[in-house]
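Chain naming follows the written order as A, B and C, and within any one chain the residues start at number 1.
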Amino acid sequence: MADAAVALNQPGRRRPRGPLTSAWTGYALAGPALLVMVAIFLYPLGYSFVMSFFRWDLSAPSAPFIGLNNYKETLTSPLFQQSLRNQLIFTAATITIEVTAGMGVAVLINGKMRGLRAARTLLLIPPMIAPAVVGLNFRWLFNSQYGFIDALLTDLHLPAIPWLSDPNWALASIIIADVWQNTPLMVLLFLAGLQSLPQEPLEAAAVDGASPWQIFWYITLPLMRAVIVIALMLRIIDTFRTFDVVWLMTQGGPGGASSLVTVYAYLLAFQGVDFGHAAAVSYIALAISLVLLGVLYGLPWLRER
Amino acid sequence: MLKNLSRRQFLQSSAVIAAGAGVEAPGIARAEATEIRALLITGGPLYPKYWEQIAQDFKKKTGITVNYDLLEFTPLTSKTVTLGAARSSLYDVYSTHTAQIGSFFNHFAPLDAYFKSSELEDFYPVALKYLRNPKTDKLAAIPRNMDARVQYYRKDVYDVHSLKPAVTWEDLVHVSQTLTGGGHYGLVVPGQGDPAQRTFSDLLWQAGGEWVDENNKPSFNAAPGIEALTFYRDLIQKYKVTPPDAVSYQWDENSSEFSSGAVYDTFDWPGAFATLSNPATSKVVGKWSTAPYIRNKQAISCAISHAMALNSLSKKKDAAVEFIKFSVAPDAQTLNFQEFTNFPSRQSVAKEVVAAAQGEKAVWLGQLEQTIATGKEWPKLPGFSKVCTIMFSAIEKSLSDQATPADSLNQAAKEALDAMTQAGAYQ
Amino acid sequence: MAATSEERVAAGSVEVLQPPRRPFQVGLAARYAVLIGTIVLTLFPLVWLVITSLRVPSDIFAVPVHIIPASVTWRQYVNVFTQYNLAGYLWNTIIVSLATVVCVTVLAVPCAYAMARFRLPGHRVIVALLLIMRMIPVVALAIPLFAVFASLGLLDTLTSLILAHTAAKLPVAIWLLIGFVQDVPKEIEESAAMDGAGTLRTLVQIVTPLIAPGLGASAVITFLFTWNDLLIALTLASSENAQTLPVGLTNFVSQYGVDWGAMSAAGVLMVIPTLIFVWFAQGLLVKGLVTGAVRG
């Protein structure tokens, strides 16, 4: 599983050759960074993995080893199933919208246009803003009494929408916030990708009288494969880590309708004080995102050559 | 081999791996402790001054310096969970609360040995009762100030409509329906997470129900529970007397809906009295009054408390207990009441402040005393912290019409029984 | 396959960019409409944040909502410094972010160089771990992370935040820099070696200047993601000693109400460094994100 995903990250890796290949020198150079990561991050990673096999419940007097019970309980818990379902919807919806819209906008604004530099600067702002600011700001924007969006809808004589209190709209709200924050990143990625495409095939096709749509579909898109794969990977990884924005907007509510796996894990840990269980949830989430990356790698269209 | 590895052993071994070698801070002899650390609660920009005063006075009296960190209620709870899970000895003293005490019975040291029973007599019995570990009957924290709710209503608006504040559930529907309209709402209730569970809990007791039966098995899904949750949901979904977003409200939205003037009635904590009287935080200064919490078959709502606890891993327990005693002493409680209208946990202090109060404030204090006298709290059994996460979801599901009250409570009761069984509530 | 390095670098640096001939003949007006529409959608939540921060308090909870406030005030921008400890949060965040950038850069460059140029036994294992570290939700690590720093006696210090962020940001930085190192023609290093330069000297004097754009990109990205982090700071800080801006934002929420005006003002102030970075380091950021992305 891990290997598939890792291999995906190494397209056409050049194997190191030449005189500079002594393993010892290599490790001396890589050592300090590896040491810091191992000591500070990898160790907690292993620690929480071990925790996931114990009943590590703060309210219980001891922490007995319980094997796979935390995993079993997680998989059979209705709240987890709901969170996982939401997670898959969230991941699928945000990625579809972000990649499609990102590609659409990038293709349309690719080329000589006034103000493109300023536009790029503005587009970089949302992806770079703190999720804490985004979450609190959107909670306020979506407020049905004092928020901008419902005020605007009312001014336009449209019905106000119960963004955060209706189960379906709550999930939509967190998707909207994520789309707002990350679509611009996709635009910039794809724009950079488009601008680095070789021009000959595009020109040849244009000379042959292909329609813009045909050129896009049969030439541009296949040439953009690598960038698209990367965009999908980045977003899959990040949607499975999304927490701050959702927690600050809805806390996963109402009734788990906008709960994602990280939100469920957080609730289990900090309200339910069952850290073993919360760790199990995180590892299941990690496994699922690895599987998704593996599937992505396996899709024939996305494979190179 | 790993069976029943205690949390302490595990963490100690991990500490060694992490740090390389022995890292235990050198223990300081108990009697010589001149510095302790405390993790304390704050609320709003003014509260830090209170602790500054207390710490200063304490230093003057005992010579012990208190180094303290301040956090708002929610971050404080998460931080205490983190510290407890990591078995940290960083803080000697904690501010805590009845609502979360069940999560910390292992992290806090029993206080029974430090307080004579005559010293405990002054505290409200209901406060002490729910700060005890039901499995061992040991006292995990000592109450500092009471948290109980009364009704806050817009006297000016009620007078215009010749309405009296609601006494029963039926009144509440009637009064709120009369006042709802034109962008204003007759009532606001919170509907998310812990505040939603708190509200359901009050209604459950008022309907004559209990969280668990005599065997500590969940009983909140019996008829009174269903009646309570149905009423709660209907306020939002059927009578529509609350803002439509109520399902997503926490305490802060609940309070600000009333203080902004959008809503005419709410149930709120003692601190609201000060917040609502302050023009900087309230648009309705002078326009509101208080009334007792509503009733149904019973007149019960929660009586819980902010409390002080001792870290079981503290190496300066004696000095720490000194500070705990000082922070719940009559003087400290009087100051806490005068500045922030936080209601004393000592009956003697309560009697004094009630006697000294006049007008509206006296009436309000009488109502609070009444709430405390009949008050309750949900059980502090092993696993109940996890039951709360189940309840958040179950209550919100009902309030947002995703499931009927009966279905969501029955499902929650089943999961709650599992969670408590696994945590050892029935051993 | 992906474009060559030169093209990619060119894609990032807008100044030297020659826009390719457009393959599409969409009406120019329509394209401007798309551009403007995208910008409007991007900006309006931020404009709302700014408007909220400038409102007088009584206007914040006004029904019906006045989208354009009748009067504005700067008071909230003063309050965040006088009533709240924004200056402290700001200082902590700046120190932590800058120190993290330095630590990450110093550690990541040799590591990326080694991984790009040396045959390291266990290379695949290291790569797999880098990926897993990039993927695991921070929630899972909160308690163990706390335990590690508790045992080091570093809780609630800026040092703990710098160390934790360095560890957390290293995988991304290494990943990104490997790509840049691989694009350095190997002949340059080989001729340096023939001239008698040691590995370290080659790295410092030859390779590092050549991957300067990569260093810039990784520094900017590291800075911004450290600046924005909530969970690590929330876990390790418990007082004003080490609370950062995102944690400080949560202090505007109290039991009896959210101080929306002050919080928005703090939010706006927090965005300003982001704006500055984005404006001046735009080229680097795009380059970093794209190179990092294309290389994975």
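Please note the rule applied: a contact is a pair of C-beta atoms (placed from the backbone, for glycine too) under 8 Å apart; a residue touches a chain by one contact, two chains touch by 3 or more.
Since this is a predicted model, take the numbers as computed values, not measurements.
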Selected interface, B-C versus A-C, where C-beta contact pairs are more numerous: A-C
Taking each chain's C-alpha mean as its centre, the one farthest from chain C: B
Whole-Å separation of chain centres (CA-atom averages), chain A against chain B: 37
Euclidean distance of C-alpha centroids - chain A vs chain C, Å: 16
Separation of chain B from chain C, taking each centre as the mean of its C-alpha atoms, in whole Å: 38
Residue list for chain C, restricted to those that touch at least two other chains: 61, 63-64, 142-144, 147-148, 250
In chain B, residues with contacts to at least two other chains: 14, 18, 78, 82, 85, 183, 262
Contacts with 2+ other chains: residues of chain A: 39, 43, 47, 145, 269, 275
Touching residues on chain A, where the partner in the complex is chain B: 39, 43, 47, 54-65, 73, 77-79, 143-145, 162, 164-167, 170, 250-251, 253-257, 259, 267-275
Sites on chain C touched by chain A in the complex: 1-3, 7-8, 10-12, 14, 17, 19-26, 30-32, 34-35, 38-39, 41-46, 48-49, 52, 60-65, 67, 103, 107-108, 110-111, 113-121, 124, 126-129, 131-145, 147-148, 163-164, 166-168, 170-171, 174-175, 182, 186, 189-190, 193, 199, 202-203, 224, 227-231, 245-246, 249-250, 260, 263-264, 267, 270-271, 274-275, 277-279, 282, 285-286, 289-290, 293-294, 296
Parts of chain B lying in touch with chain C, wherever the complex brings them together: 11, 14-16, 18-19, 23, 25, 39, 43-45, 69-75, 78-79, 82-83, 85-86, 88, 90, 183, 251-253, 255-256, 259-262, 268-269, 271-272, 275, 280-281, 283
List of chain B residues in touch with chain A within their complex: 2-7, 10, 14, 17-18, 77-78, 81-82, 84-85, 102-107, 183, 191-194, 243-248, 262, 382-386, 388-390, 392-400, 402-403, 408, 411, 415, 422-424
Chain C contact footprint on chain A (complex, rising order): 2-3, 5-6, 8-12, 14-16, 18-23, 25-27, 29-30, 32-34, 36-37, 39-45, 47-48, 51, 104-105, 107-113, 115-117, 119-126, 128-134, 136-138, 140-141, 145-148, 151-152, 154-155, 180, 184-185, 187-189, 192-199, 202-203, 205-206, 212, 215-216, 220, 226-227, 230-231, 233-234, 237, 240-241, 243-244, 261-262, 265-266, 269, 275, 278-279, 282-283, 285-286, 289-290, 304
